[in-house]
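Here subunit A shows up in two complexes: once beside subunit B, once beside subunit C.
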Partner chain A sequence: MKPRLGVFKFSSCDGCQLSLLDCEDELLAIADAIDIAYFPEATRKDDVGHYDIAFVEGSVTTAHEAELIQDIRARSSALITLGACATSGGIQALKNGADTAEFIATVYAHPDYISTLDTATPISDHVTVDFELRGCPISKHQLLELVAATLAGRAPQTPAHATCIECKLAGHVCVMVAGGQPCLGPVTHAGCGALCPGFARGCYGCFGPKETPNTAALSARLAANGTARRDIGRLFSTFNTNAPAFRAEAKAHD
Partner chain B sequence: MSASGQDRAKSTRPVVLDRAGLEGLIAALAAEGREVIGPVRRDGAIVHEPISGVDDLPRGWVDEQSGGQYRLRREGEALFGITHGPQGWKRILHPPKETLWSVETGAAPKITAPPPDDTRRAFLGVRPCDLAAIAIQDKVFLDGPFRDPRYGSRRENLFLVAVNCTRSAATCFCTSMGTRPEAGAGYDIVLTELEGETFLASSGSVAGQDILAALPTRPADDMHLASAEAGIERAADQQRHLDIDGLPDLLKSNPDHPRWDEVASRCLNCANCTMVCPTCFCTTLDEVSTLDGTGAAREQRWASCFTTEFSHVHGGAVRPGARARYRQWMTHKLATWVDQFDTLGCTGCGRCISWCPVGIDITQEAAMIRGEGGER
Partner chain C sequence: MTETTIKVDMLARVEGEGAFKVVVRDGRIVATEFRIFEPPRFFEAFLRGRDHSEAPDITARICGICPVAYQMSAVQAMEMALGVEVSQPARDLRRLLYCGEWIESHVLHAAMLHAPDFLGYASAIDMANDGHGDTVRLALELKKIGNSIVSAVGGREIHPINVKVGGWWKAPRKSDLMAVRDDLLRALDLAEAFVDFTAGLSFPDKERDYTLVSLKHETDYPMYEGRIVSNRGLDIGVEAFNAHFVENHVAHSNALQGRTAAGEAYLTGPVARYNLCHDQLSERARAAARRAGLDARCLNPYRSITIRAVEALFAVEEAIRLIEAYEEFDPACVDIVPRAGVGMGATEAPRGLLYHQYALAGDGSIETAQIVPPTAQNQPSIEADLESFIADVLDRPEEEIQLLCEQTIRNYDPCISCATHFLDLTIDRG
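Take a look at the complex of A and B:
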């Protein structure tokens, strides 16, 4: 029997689910190997029951979501989070530690319609997560590797080292050393294939902190290269703002 | 040159080659069915890419290198004014990724290995440090009980045109490593750039001799020889210094030196030093499989001792952070490499200094362990 897959969305932009649909050429092979039982982004079919694999996108930002994730965890054998929101809280976690009421009043015409928690938190803050796939959005290549590995019963190859290794493997010229650009590559988890440096831009840190990140040493060098203190803080305050290593570095540049 | 060709080589009197001669050299190598690869300016650096003529070379540019910084600027008219870029030639001889073999399951499982790469290539503009690095990787991959057939095939089909340095980057220290800005051995042809797009040329192999004999050249006079020697001396004088006297023992006997903690506070564990190092050879293997489970492949890719994965064994990583990793890397390059391969693992190219995003300087770190401070 084919493994049953459920794809669930929490607070997010849907981009990671779209990466799954973006697989196009491989999508039929995935559908052959997996019973896609629940995937509202792709089909209106409703479903209940047990999932061999649950893909979860998005962070927990409402009381409803906090309850829902418990239910999904209870009905799933393997729970895998997709992307920066589910793994670290996402860009919406900028509100963590700020005044939520003030944020809502600034953004929404009718703040009274909004019911939200004061924080946007990763799925792992609420339930046990079996595997976290990084990225904003996730990389299609890594998603296919994750699916292939899960089906084969082996560990996926998603190295936690610096994006710099992928950058050098790809043969890009370092935008920081040769161009003086601020780049988060040396502290960022690999997975995108060094996409931005390949287009002569510094890394935005979409995949969040790598293993053993030395953010303080990178910040010191960025400052020496002329990046303003406030801008360094902002570099660490994007899609993975709530990841502890990035959050601490941003705070050090308040 | 091919690994075996050197013994048959006879030393020849240097000749002088002008621009037409260099153009002829590139054409002659291409006419042998070789892919000619040389320094090409791209994205603010030089990289090694196929060239079809002298016009592809970065004429009139020089490099400024320092810790964590690399810039090109216009200066002079030299074709080989830029010392080097981030890439060593290992990128071609020992590529970042290679499929070793793949398997298809079924009634009769089939294992296939890609044939060795027998592309005939010529490298033009190999600096003496990089020539020395190729010799070190030859030892790693070809000597000893386990010969790498893929590296071996590329190497056997390679023609090497070295170019001596008449200018050094501030990060260069090949003279300290005994390499010098003048190619010692291992080339088919060596060039030294003189004024006005002329080159002093010598052969180092029979193949090099044959190619050179067919090119328009004239005998070199004493002025040419003196000019080349002066250029090489100038390059040697522009370098920083690494004292290697007793260095292996010094490093091995200082595993707990406080300097390792200091360097760890700056080291990003980003692995750039190992990626740009022309002698670093470590790889890891990825097992990849198709979605339907009918096929799998074993893929080799460059690995680095600066990752957690590299020293991961049951229970965790043996080298959990920058202190242990930097110490391991530097001690391997400058000490234990000798025990392993009977040579130091560093040629003094200085790439690890320039391309370290935070500019950690191996010559400075060695001096600090030795108890000497200050700028190198």
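Take a look at the complex of A and C:
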């Protein structure tokens, strides 16, 4: 029997699950190895039964989503989150701590039609998560590694060291030391292959914090390079704004 | 009185979460509701106080399917607010990036999401396993080539990292783009074969007298820039958008609904662009359209699948042209001096017109943001199509009606993640 896969969407942009359809060379092979039983972005099949693997994209921002994740967890053997929204809350977690009513009134003419929680929270705040794949969006290569590892029953090889290490391996000139640009590479989880420095741009942290990140030391260096306090705060509060290490550093620069 | 409700609570093969309901009383449709329940994420609220330079990367996250569209409208609005002109080579490179997104998004929708409706499958994977493997593999190859443009120019397929207010972070090497050109030359035949595939599908014989709205450019088929025009004589600069179009908030949708200032529904996207700007398509794209049975005028929305294929072919040709003419430029970006100002930007996302407007404070931070995505503008038109097109099939089995409704909605390639601020189907027969 092929393992049954369900792909679920919470509050998100659809980009991480699209990464599965973006595996153009591998998609049909994946469909041979896995029974893609529920994946509404790609198929009409209904959400029924038990899943061997559940991929969850997006964060919890409504009462309905908070209930739904419990139901999916109860019907899944392995629950794996895909991307920054599901793993830390995503860009929409910028509403955490803000005045929700004022946010609704800013966007909608009839606030009473809108139902939303005050926070955007990661899936792990609600249920046990078996593995979290980082990135905004996730890396296609890491997704394929995750699928292969899951089918083989081993842990995926997705190192938790810094983007800085990937950058050195790629042989890029340091955009911060040589270019004076703000860069989150020293504190950001690897996975993208140090994409931004390859385009002469500082890392903006879309894979979230690495293991044991020293964000305070980085902030001191950014400040010494002339980055304004407000800009340091902004740098830590984007797509992983609710990841504890980034949230704390942003708060220290309020 | 007989009452029936036909509904779908979770519309599949669209980007995001939406639902649909048709209410039938005594064999007549009395209401259609296209509902977007995708949770609101409040981009226009949390953009306030962010720096102008952050808008392209933040707004890209509204939609993983068409992030380039968000980046392109955002940078143009910011550049207007800041009073900077971007060089022609930098603008040409933006059009090249956009060609990549048009190819990958159009082929994804036409082959993987819409074609199964015409052929009676739940998904493209089922199509591939039941005799259509060659078509699905062709489409995947074409989509991959589109994505390779986005990666080569933008750094990665989803949420590209190279777009910058004022230009680019780094102009790509000509040799890297020429490597993609080799694949694009192959893609010409793939895209033409894909147009021919869509021509073999059978289309419901339906059309409506739509108000069509798209960008129009002096010389080029609309994509990255132009004026806003309609088939009712509208011809305005992008900055006048809010004087001619309004957004309404209705109880059944987390997406605002776009209408003309006179309250009319209008249609934006491939069908609008094709009808309004047909003469700007390349000779090869027009010839492929003719072979597929399309005239210069086409108001049958089910044929949008062919128009998407034609536009994908056009985008392949255009990308080849742009790459061949490309010369590396330096600096990659013009200097920006923060200032207070208001700026507007509109571009043609694969699924239609995408409008951004920002007001900036003197330090360059965002005071207000307004984002009007194509699916929000198309919602009233989707509801009108459902009302108009399914009236004569109400005696058919529920499953058949439901499938036709879903196909009708998918004509729009609705992007619900974008529009929130969309889909499930209900037919209420009481």
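Definition applied: the second predicted complex is superposed on the first by the 254 of 254 C-alpha atoms of A that agree within 3 Å, B and C clash if a C-alpha of one lies under 4 Å from a C-alpha of the other, contacts with A are read in each partner's own complex, and residues count from 1 in each chain.
Rule of thumb we're sticking to: a contact is a pair of C-beta atoms (placed from the backbone, for glycine too) under 8 Å apart; a residue touches a chain by one contact, two chains touch by 3 or more.
Since this is a predicted model, take the numbers as computed values, not measurements.
> Mind telling me which of the two, subunit B or subunit C, contacts the most residues of subunit A?
Tallying touched residues of subunit A, the top partner is C.
> Report for A:R234: first if it touches subunit B alone, second if subunit C alone, otherwise both or neither.
Touch partner of A:R234: subunit C, not subunit B.
> After lining up the shared chain so the two structures overlap, which partner does A:A223 touch, if you call subunit B first and subunit C second: first, second, both or neither?
It touches nothing on subunit B or subunit C.
> Is A:A252 contacted by the first partner subunit B, the second partner subunit C, both or neither?
After superposing on A, A:A252 lies clear of both subunit B and subunit C.
> Looking at the overlay, what does A:A178 touch: subunit B (first), subunit C (second), both, or neither?
The first partner, subunit B, only.
> Looking at the overlay, what does A:L169 touch: subunit B (first), subunit C (second), both, or neither?
Only subunit B; A:L169 stays clear of subunit C.
> Just checking: does A:A200 make contact with subunit B only, subunit C only, both, or neither of them? Give me first, second, both or neither.
It touches subunit B and subunit C both.
> Let me check the overlay on chain A: which residues of subunit A are in contact with subunit B and also with subunit C?
On subunit A, the overlap between the subunit B and subunit C contacts is residues 200.
> Which part of subunit C faces subunit A closely enough to touch in the complex?
Listed in rising order, the residues are 10-17, 38-46, 48, 50-51, 54, 57-58, 61-65, 67, 104, 108, 112-113, 116, 122-126, 128-129, 133, 136-137, 140-141, 143-144, 147, 155-159, 161-162, 169-170, 248-251, 254, 256, 332, 406, 417, 421.
> Touching residues of subunit A toward subunit C in the complex: what are they?
Counting only subunit A, the residues touching subunit C are 9-19, 21-22, 24-25, 27-28, 31, 36, 39-45, 47, 61-62, 65, 90-92, 94-95, 98, 102-104, 106-110, 113-114, 116, 120, 136-137, 140, 192, 195-196, 198-201, 204, 206, 231, 234, 238-239.
> Please output the residues of subunit B touching subunit A within their complex, sorted ascending.
42-45, 47, 68-71, 85-87, 91, 96-97, 265-272, 275-276, 286-293, 301-302, 304, 306-309, 320-322, 354-359
> Where on subunit A is subunit B touching in the complex?
26, 29-30, 32-33, 144-145, 147-149, 151-152, 154, 157, 159-162, 164-165, 168-174, 176-180, 183, 185-187, 200, 210-214, 217-218, 220-221
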